[in-house]
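First chain A sits with chain B, and in the next complex the same chain sits with chain C.
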Partner chain A sequence: MSDELIRQLASILLQSSPLIIAVSGETITERVGVINLSVDGTMMMAAMTGFVVGLKTDSLLYGFLAAAIVGAIMALLVAFGSFRLKQNQVAIGFVLTLLGDDLSAFLGQNYTRIPGPVVKHLPIPVLKDIPIIGPIFFNQDLVVYFAIVLIFLTWWYLNRTQPGLHLRSVGERPEASFARGINVNRLRYIYTIVGGGLIGIAGAAYSLDVKLGWSDGHTRGLGWIALAIVIFGGWSPVRGALGAILFGATKALATVLQRTFPEVSVVAFNSIPWLLMIFVLLTVGSEFTERLILLMPKPMRGPMSRALRVSPPMALGTTFENE
Partner chain B sequence: MNFKQSIRWFWPIIPILGALIFTAVLLILFGASPLEAAQSMWRGAFGDQSKTLSVLAFWIPLLLSSVGLLVTFTAGLWNIGVEGQIVMGAIAASWVALKFPGPQFLLIPLEIMAAMLAAALWAGLTAILKTRGGVHEIFGGLALNNLAIILTNYLISGPWQPPEGGTFRGTQPFQAAALLPRFAESRFSPISFVFAVIAFGLIILALRGTVWGLKLRALGKNPRSAFLLGVSSEREAILAMMFCGALAGLGGAVRVLSWFDSLRQSISGGIGFLALLVVMLASFRMFWVPLIALFFSAVLNGSISLQLRTQLHSSLGGVLTGVLVLFMLLFGNPGVLRIGKRSKEEVRDER
Partner chain C sequence: MQVELQDIHKFFGPVKANAGISLQFEGSKVYGLLGENGAGKSTLMKILSGYQPADRGQIILDSKPTYFVSPANALTQGIGMVYQDPLDIPPLRVIDNYLLAKDKKLILNYQAAKKEMKDLLSKYNFDVDPDYLIESLSLGQRQQLELVRLLSGGAELLILDEPTTGISAEQKEVLFDSIRRLAYDEGKTVILVSHKLDEVQELCDYAYVLRQGKLVGGIKVPCPNERLVEMMFGQIPVREVRPDHELGKTVLELKNLSIETPRLTVQNINLEVKSGEVFGLAGLEGSGQKLLLQACAGLLRPSQGNLLLQDEEITNWSYHHRQQAGVAYLAAGRLEEGLVAGLSITEHIVLAQPKHDFLVDWRAARDITTERIKTYQIVGRPDSTADQLSGGNQQRLLFSLLNSPLKLLLLEHPTRGLDIRSTDWIWGLLNERRKDGTAILFMSADLDEVIERSDRIAVLSGGVMSRIVNAKETTVDELGHLIGGQA
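Up next, the complex of A and B:
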């Protein structure tokens, strides 16, 4: 494998890391049955907060911490408005998205386009010298390591632990979970807030690492991409992470192609994320895919269906009354 | 009016006050006086005739889009794609204005028809992606919004760039015959006001007084039972989206034909998203829509002149409207704070 390709792959992994973190957070939130639609606005608020706090305190840790708190607060608003005040989850999330865009622009107005703290490169000794795998996975920074660990941690927690089982049961059948003695709304509060915190960290991962600095609408659109990837990933943390990396790879490929064919205008390049969004959601959602699968030879149908079809947690977006 | 009713009537003042206090605190944090800022915004919105006319000119496309959204919200659809529908309307109107070779008196009617058609088709695409492709209208609409904006940028910097060379800012100004007649040197065109009033009236009548409106309401309230009653959810969803698209497209045409006189990069400038906020704030009180839209238009225009005067970021207007809608959503109903703590007797009394 050529050095150039390895460098490209390492860069794709870095570029995808914030998305992986955001997708993990939203996957946790949706698996417990809550739609936090505010991801885009939350990430902008968190990116701004993380950058400003990191700059003021000269501490990356405080920057990320502040971003996580902002993310958690936004998620808490969605949860509180939905469970306690019985308002529409989607509506609250959407308003928070718009508000996050404007509020981050206003609050961060004195900090645009200035240099700030940067997450440091941190190769892991020994591991970084493994051929191919080393330079891709272990010659990175803490954000990337955090994202990789988070993928497996989320998978393990959801699928291999008792609290994870409770989490999933609340997202699938809240009534049954309640009958088994699980406090449905308490779990929903907890995991929505945890998910929001992760989305906040993802926002700061942009402003402090992958897309340095702050400007109006710094991460605009990326939150929506994360939301679409959660669906494409079939609400599985591993598949979601693969989706995020696939997205990063497509963008990287487009950059390379653009360098090779400069006459292909920047338009084609900019439309890729959005065309991809429609395309992947069509793949997992349309009747056409269903028919395509039926046309295949029988032994292939099962695996293809598992690979292409997804179904949301059954109680996604519903509210539950503890009575 | 008894005590309970009057509480219900005056309750919305509380979230409004909350939003104002939030914004005031924000201003104080930035070392600005809230009172001076409010004065400055008021002068920026209604300080003289030309400013007032600007508020009105901005109000019309906002009102048209909001009225369209009344239809989709009634049908239970989240037409976030309204922003892209405005843009497509603007593009189609610009296309006619720039390229139509025929007689001049046909220009304006053709521009408007092209705008409404293009935007309706763009909205229909979102609807078909939903009904046939299983792509939720929020995601389909959002992707199409961005694609419409990218298309605008492509046209401005490519095929439609002004002859003096490619700036990334806009096409050349349209010929005078292609523009809507304006009121006294302003960007306000009285004819577009007439369109907006007609659209508002027709949509209210359609939603309140026709079988179509009833079907849409059934669809919005409970898609499954609507289906069992024989309402074709696919057909109604597509029609509702296209109706909304047509009105948003008309709004887009008004933007290029009376506000900018050319196709610009930020042709909509978030009017679609603002319209979503207007309709959410109105919830189902349709008659409030024009007033809320006017208020939002004033706040946004005011905050732009606030930025010119005090260097405070003009996103303040967006913050105020956003917080207002958020608080209204969360606390707009007086019963809301006691939900879950109500005794069984109280619940029974209400029934």
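Up next, the complex of A and C:
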């Protein structure tokens, strides 16, 4: 494998890391049955807060911490409005998105386009020298390592632990969870806030690492991408992360194509990731997939249908009240 | 364990679901709890199993007064309930569902749990693969899992809510055997909530009867059926004799009809339904009856074959086209598919009118509504919304929305969840339709109903249709064999 390609792959992984973190956060939130639609606004607020706090305290840790807290607060607003005040989850999230966009622009107006703290490159000794894998995965910084660990940690927590099973059951059928003695709304508060905190960290990962600094609408649109990738990944943390990386790869591909065909408009290549995403969203879990599965030889159908057929958590976006 | 309910009261708004009920249950016995719809059986059992608190009254376990904050709490004190729609998590695997909230350990121990579950399952002759998804199981299997889960949680008193509705004859035998074993070998108490008198007679030692939120009394069973019926209704309702009827020309004809779905393929259906005929479809849930009805209604496109309505080819007609031609379809999900939960009775009537003007004549609509409410004996006001009505009244409303005359009426579980009186009333209505020459094709999980109400019957098993049998000459036993796929 050429050095150029390896460098390219390493760069894709770095670029995708904040998205992976945001997707994990939203996946956790939705698996417990809550739609936090405020991702885009939350990420902008967090990116701004993380940058400003990092700059003022000269501490990356405080920057990320502040961003996580902002994310958690935004998520808490969605949760409180929905569970306690019985208002529409989607509406609250949507308005918070708009709010986050403008509020971050206002609060961060004195901090635009100035240099600030940067997450340091941190190769892992020994591991970084493994051919191919080393330079891609272990010659990175803490944000990337966090994202990678988070993928597997989320998967493990959801699928191998008792609290993770509680989480999933609440997102699927809260009445049954309640009958087993699970406090449905408490879990929904907890995981919505945890998810929001991760989305906040993702925002700061842009302003402090991947897309350095702050400017008006610094991460605009990336939150919506994260929301789409959660669906794209079929609400699985691992597939969601693959979706985020695939998205990063198509973006990189667009850049390469741009260089190769300078005469074609830039805008044309920029739409490639979206084309891919809309194709997948339209086909996965649809009647089309069902037909595709029927065309396959019998022994393949089972595994294929498990891989292609995705369905959202049954209780997604609903509220629960025990009688 | 000895369980006593003392003076239980529960009100829902002005409705007295339970008005001072006192009962006693002892170990090593099987109890039947009888009563028509709305008698308060479910409410009482939900209170006993911790799903909802009583407004007044006490639960006493082994002479200690207690109360439950949740079903899980009730289970730790030895009481568990299997709901008619089991309270499991359909998208989970069997083993995950079993492990959910079972212990407080962080990491799930699949191997130990699988072994434990397998042992329990085989002890009661149940058979479920732990790696399957719950949603791919039959209702009977889901029930078995709930039973096993409650037993492993330490249940001493088990409540089963209408456990035999929608399960196969074979599963019923297994279930009854396990109930007997639980009571007589293991000393547990079992309460069977049911409206099927024969089952109560067969299985129970003692029956309590509720009527209008009160306890009518208890009786040792077996006893004469008439005695139970009298307790349930206050009098013995007159059974309408099924009128004989001259059949007319063929209304619906299916020729080599096949329907393919990812889950099930229905193959090569050939059948005719004549004017004035009632044709029953029997079979386990998910054997293809519903697909067949939906194909006739125009909601599913068959992959092969032809559909004829009075000799006219309608295979490619849409649902609305067929509706205009006099085909009506009533789905089982009353609130999901048939009615609009938040709309009033008047608004439903307006929507169901054959002609729609831009402006609605509300005064006229109200008059029609008042008249329909009277004719169809719906307990509700014109502005009651559909979700405020009880199940029986929702069904009446659905029937009141059907236009006349109809050529073909397709019914999915027309009387599911209804008591004897409502059921008789619905069939009276259908028999009226029959006189007008409407052909009726219906499916039901209740074999007695299929045999009693149909002219001819076909059984579907895994998407394959059996020979067509004459309702007068068949028995539950014969149908049971056909359901199992035997010729």
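Just so it is clear, the second predicted complex is superposed on the first by the 319 of 323 C-alpha atoms of A that agree within 3 Å, B and C clash if a C-alpha of one lies under 4 Å from a C-alpha of the other, contacts with A are read in each partner's own complex, and residues count from 1 in each chain.
Here is the rule we use: contacts are C-beta pairs under 8 Å (C-beta built on N, C-alpha and C of every residue); 3 or more make two chains touch, one makes a residue touch a chain.
Everything numeric in this text was worked out from a predicted model, so none of it was measured.
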Which partner does A:Lys298 contact after superposing on A: first (chain B), second (chain C), both, neither?
neither
Max touched-residue count on chain A (chain B vs chain C) belongs to chain B
Looking at the overlay, what does A:Met277 touch: chain B (first), chain C (second), both, or neither?
first
Which partner does A:Arg180 reach: the first (chain B), the second (chain C), both, or neither?
second
Which partner does A:Thr161 contact after superposing on A: first (chain B), second (chain C), both, neither?
second
First (chain B), second (chain C), both or neither touched by A:Leu227
first
Per the contact definition in the header, classify A:Ser169: touching chain B only (first), chain C only (second), both, or neither.
second
Kindly classify A:Lys120 by the partners it touches after superposition: chain B alone (first), chain C alone (second), both, or neither?
neither
Share the list of chain A residues that count as touching for chain B in one structure and for chain C in the other.
none
In their shared complex, at which residues does chain A touch chain B?
37, 77, 80-81, 84-88, 90-92, 94-96, 98-99, 101-103, 105-107, 109, 216, 221, 224, 227-228, 231, 265, 267, 270-271, 273-275, 277-278, 281-282, 284-288
With touch defined as at the start, can you tell me which chain A residues reach chain C in the complex?
160-163, 165-166, 168-169, 172-173, 175-182, 290, 293-294, 305, 311, 313-314, 322-323
Which residues of chain B touch chain A in their complex?
26, 78, 80, 129, 132-136, 138-140, 142-144, 146-147, 150-151, 153-154, 158, 273, 276-277, 280, 312-313, 315-319, 322-323, 325-326, 329-331, 336-337, 339-340
Could you pull out which chain C residues touch chain A in their complex?
51-52, 70-73, 87-92, 96, 99-101, 103-108, 260-262
